[in-house]
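The structures come next, written out as structure tokens.
Here come two complexes built around subunit A, the first alongside subunit B, the second alongside subunit C.
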Partner chain A sequence: MSPNELPQHEELVDEKLVISFFLAALGYLFVSMLGGFLMALQLIRHFPFPGVELLSPGRWRMIHTNVVAYGFLANAFLGALHWAVPRLTLRTVLSKRLSWFIFAAWQVVVLSTAIGIMLGQAQALEWGETPVWIDPLALAGLLLVAVNFMAPISRLTGPMYVTLWYFMAAFVWTFLTYAMGNFMPQYFVTGTAAGAVGGLFIHDLVGLFVTPLGWGLMYYFVPIMLKKPIWSHGLSLVGFWGLAFFYPLNGIHHFLYTPIPMFLQYAAIVATIAVELVVTTVLINFFATLKGSMSALVTNMPIRWFYSGMVFYFLTCLQCSFQTTLTFQALIHFTDWVVGHAHMVMFGVFSFWLLGVMTYLFPRLLKTEWASQKMLSWHYWLSLVGITLMSADLIVAGPFQGYSWAQLLPWEVSIELSIPFWAVRLVAGLLMFSGLLVFLTNIGLTWAKSRKLSHVAANV
Partner chain B sequence: MMSNSSAGESPIQRPLRRKSRWSTVILAVVILVPSCLAFGKKLAELISLAQGDADGVFAITPVVNYLLASLGFFFLFCWAILNGMFSDIEDPKRSFLETERMLDDERI
Partner chain C sequence: MILEKKSGVLFIAGLVFFGLAFVSNAVVPALMYKKLPEKTAEQLVTVNGNLRYQFEDLARRWPEAFRAAFGEIPPEEGNEREKWLNRACADALRKGRDVYVAEGCWHCHSQFIRPVSNEDKRFGPVSKSDEYQNELQRPVLFGTRRVGPDLIREGGRHSNDWHAVHFFKPVTLSTGSVMPEYPWLFDGSPDKPNKKGLALMTYVQWLGSWLESYPYYQDYQENLVLKLKAEVRR
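Coming up: the complex of A and B.
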């Protein structure tokens, strides 16, 4: 396509929609962190609302996890997709009206989920506690998202950039994963088979919804930021197809030592280790791309978020390939090790990437530089120190709890020894929460600055 | 927007490109061969389970889920090969950046 035939950015991207998705995402992140904070207070026996059913920490823990997945991550991804897909394909989404409808409908889904959980209507599925009456609505929403974005992608001809492969797969996988997890155990299969499907759902939500969208965005934004192409596009496709074939069976590793046949448990372990090898190829590609531009880690804030997230990603996958071995699993199952691992993945990796994307896009969307570079730096460091401290703390706590259980000590002993770890966890969470508050303040100031500038420009 | 990636390469770039292609192939083989072997072995065990002990048949549910998803991606992979999606494998990384540059240039 010649420069004259190129569509305008304004025709392709609805910037107001991108901002709306990002603001909704950050609002949900605030709510989710508040839920985490309440649960952390409960763990150290300082819960401020004992006996209030609607604020029960058990329910707020579920709000914490569900709002992160469907409120923060989904909204932030949708915002970034509305920027990246039209620019990559040079075509608008199927319908901008449909995009606004999806935006409104998705907020209804997330808010209904939170309210349903508060009222005690949670579905008995880990990380899929969305009340059963919301599931068909959420699934219809995911179908609309897929149709809206697949329309421009499907009209492309010739070799496609790796980001679009990841996005295409994510649209299909997310729909299938949600349907499998929320409908099969509820209506079609029972007992151990339902447990196995639940395990697949939990892990596939990470690997087949969040991971392809996350990596797709990294393959899109990192070359733009570094102003050079990815080191090897061929290797990036090895990573994509490796994920496609090895990831779907990983979830059973959540149910080692259960009545699920051993061959299936071993298959999940092998698939998990295979994914670690695939992940290594992806990281080699990104770090080879960074070669010669290392100073960007200091000077470019989005790049710093992206690569910090990649380091956490490598650590979590490495951890995963160890913790899915039977020996390791016997010690850490049900302990806080797993909670530390989950926080490192969800916050240290995917939230870092999305916060990096927002750090890059907000000034472009608001047409002005950030109001405070210092506040950007504070946001990054508070988040980094917070998540490092929280993950390390919980990962260390895990073996203490595991050994106390293995020795058949009274349950109270493991609680007593955990409390210092849970106190540190609270401090770490507060650091991350403070980082978010600094970021929200910076967005507010930048918004005010942007309005002031546009007001001045209008008066000139 | 399409460019010939090998045209205009300096003598220094050519061996680098060859090296990168070889490292891609080696990594692909190192990852795919052992994983496919392990997968094949487990598939054989699944088939023998399905034909044998009735109590173990419930394990087929998650595996069938996995096989259906993988089968879809296998067909997509075949479609991609047949439609030349991997014909000039390194070109998309350059053409996408060029498009991005042009989109941003027109805004200035």
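Coming up: the complex of A and C.
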């Protein structure tokens, strides 16, 4: 095909849809951060609405985690996929009307989840507290997403680019993970075995839904922005297949020292350490690609978001290979160490990547340069300082809490010593929150600017 | 190469690797514990005198609230009365668990004692598998974070009165507690628990009540505390 015969961007990408997914995602990020803020206020004993049932910090904690996974991450990924997949395959999704239906249906799913939890209908599955009656709907939605994107991918022939391996695997894994986690411990197994499934679910949700979509986007956007291919195709293969094999085997490391059989716990620990080795190969690949283009870290905002996220990714995985050992677990399990780790992964890595993707795409979607480069910078630095402070603070708090328990000090001691850490965490959260507000303002201003430009264009 | 093709990615990575993890990490433990039968709430109640005692204690302390929530206890001693109490108690357990989940209690209170970190000294015996083989652990409430203490040995440690006041406004009893208040489990004051409140108390009193030795009290180093306090004063 000559370049002229190739399908054009306008036919491939529904830009309004991408914008809608992104705005929904950012709206939910706002709600989720608000939930985290409420819980953080409770922990420093300054909750402003004590005794109000619908604002109960316990319920808003669940809204915080669920809305970030299903509201922010899922919407942002869907927006990015609707840009990347058609452009990469040079084919449209199965149906643009189906895409819009998925958009609407997914917002119903997320809103019902949030409202259901607020009304006290949570399911007893960590990170899957989605009320039981929503589970089948969400699963149907995931199936539609897979069908919609597999249509263009399935028409490709021969070997495919790395990004598509990650995406295809993610479609299968997300569906299976969601079904396994939400149905098995609810209807089929109980007790300790249900704990094993629960661990597998929490873990696979990160490892088999968020991680492959995230890396798929990195393999897509980084070479485009740096205008050169990924350093080593061989290492891409090692990274993908290593992740595919070892990641799912990690689940039980969330419940070490439980009555789950020890040999399964050991296996999960070994697999977790193996993941760190695989991750190192991926990181080497990306940093070798960056070599010679280091100045992009300064001049190219999205690249800066991406590579900062990768540094956090390396740190979390490194941390994970230590904290998964029984030695560390004895001390840090149940403490804020793990909470710090979780925030570093979810915000420091995947949110960074998605915010980077948005930073790249919004000017293209709105056909207008960012209204303020300065605000972009503020968004980045507020987020970076916020998440670094929050993770460091909580990770340091963990051993304090763990030792105070192990020393058999009265429980109040562990609370008293945590309060300063929790206060710092609140400040860190507010930094991240204000970063988001700056970003939202910038989007608003850019949108206004784009309206003005098109208005001028129309009058000319 | 198959590793870069749709078939490889979809079937080997997507299905086979996921399946392998699913079998080893989920099906294996499920099969290992198959011989431990899953108990219903009714079965849990009928063999547990400690729990029944606590449940009847609710009726003694707050007769009106109890009547409004569960109905009239058959006045005459005998089989009918036993059956009625067992059924009502099982209902309360289920309902109490729902409240426990809905309020997210289990995100700050774990439900398992590990064999490390002096946990058996602080809380009581290390958790065993068969303790979790019942419908109230479906899905299981192990938990992953302890802001407050573990609760799997909580039953009998505090009286129902204590729990009522504590749920209503925790700081009244636990100085410095960061636990939220739950006034919607009551009709206005701690001496008027509603059905949710009574059910949650039944559930919390159940935790660990199946053990032979019961209840367990939190152990901590009194001397060390006094020493620390003295140091702080200095």
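Note that in this section the second predicted complex is superposed on the first by the 459 of 460 C-alpha atoms of A that agree within 3 Å, B and C clash if a C-alpha of one lies under 4 Å from a C-alpha of the other, contacts with A are read in each partner's own complex, and residues count from 1 in each chain.
Rule of thumb we're sticking to: contacts are C-beta pairs under 8 Å (C-beta built on N, C-alpha and C of every residue); 3 or more make two chains touch, one makes a residue touch a chain.
Everything numeric here is computed off the predicted structure, so don't read it as measured data.
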item	value
Subunit C versus subunit B on the shared subunit A, clash or fit after superposition	clash
Touched partner set for A:6, first subunit B, second subunit C, both or neither	first
Partner chain in contact with A:274 - subunit B first, subunit C second, else both or neither	first
Which superposed partner A:90 touches (first subunit B, second subunit C, both, neither)	first
Partner chain in contact with A:448 - subunit B first, subunit C second, else both or neither	neither
Touched partner set for A:140, first subunit B, second subunit C, both or neither	neither
First (subunit B), second (subunit C), both or neither touched by A:61	second
Residue contacts with subunit A in the superposition, subunit B compared against subunit C	C
Which of subunit B and subunit C A:237 touches, first, second, both or neither	both
First (subunit B), second (subunit C), both or neither touched by A:123	second
Partner chain in contact with A:318 - subunit B first, subunit C second, else both or neither	neither
Segment of subunit C that clashes with subunit B, given the candidates 21-29, 57-65, 75-83 or 111-119	21-29
Touching both subunit C and subunit B, counted on subunit A across the two superposed complexes	158-160, 169, 172-173, 176, 180, 184, 189, 191-193, 196-197, 199-200, 237, 241, 244-245, 248-249, 251-252, 260-261, 264, 267
Sites on subunit A touched by subunit C in the complex	42-45, 47, 50-51, 53, 56-59, 61-62, 120-126, 129, 153-154, 156, 158-160, 164-165, 168-169, 171-173, 176-177, 180, 184-186, 188-200, 202, 204, 208, 237, 240-241, 244-245, 248-249, 251-252, 254-255, 257-261, 264, 267-268, 329-331, 333-335, 338-339, 402, 405-413, 415-416
Subunit B - residues contacting subunit A, complex	1-2, 20-21, 23-24, 27-28, 30-32, 34-35, 38-39, 42, 45-46, 49, 56, 58-59, 61-63, 65-66, 69-70, 72-74, 77, 84-97, 99-100, 102-107
Subunit B contact footprint on subunit A (complex, rising order)	1, 3, 6, 8-9, 12, 87-88, 90, 158-163, 169, 172-173, 176, 180, 184, 189, 191-193, 196-197, 199-200, 220, 223-224, 227-238, 241-242, 244-246, 248-249, 251-252, 260-261, 263-264, 266-267, 270-271, 274, 277-278, 281, 284
List of subunit C residues in touch with subunit A within their complex	1, 3-6, 9-10, 12-15, 17-18, 20-22, 24-26, 28-30, 32-33, 36, 38, 99, 101-108, 110, 112, 114-119, 121-122, 127-129, 131-135, 137-149, 174-178, 180-184, 218-221, 224-225, 228
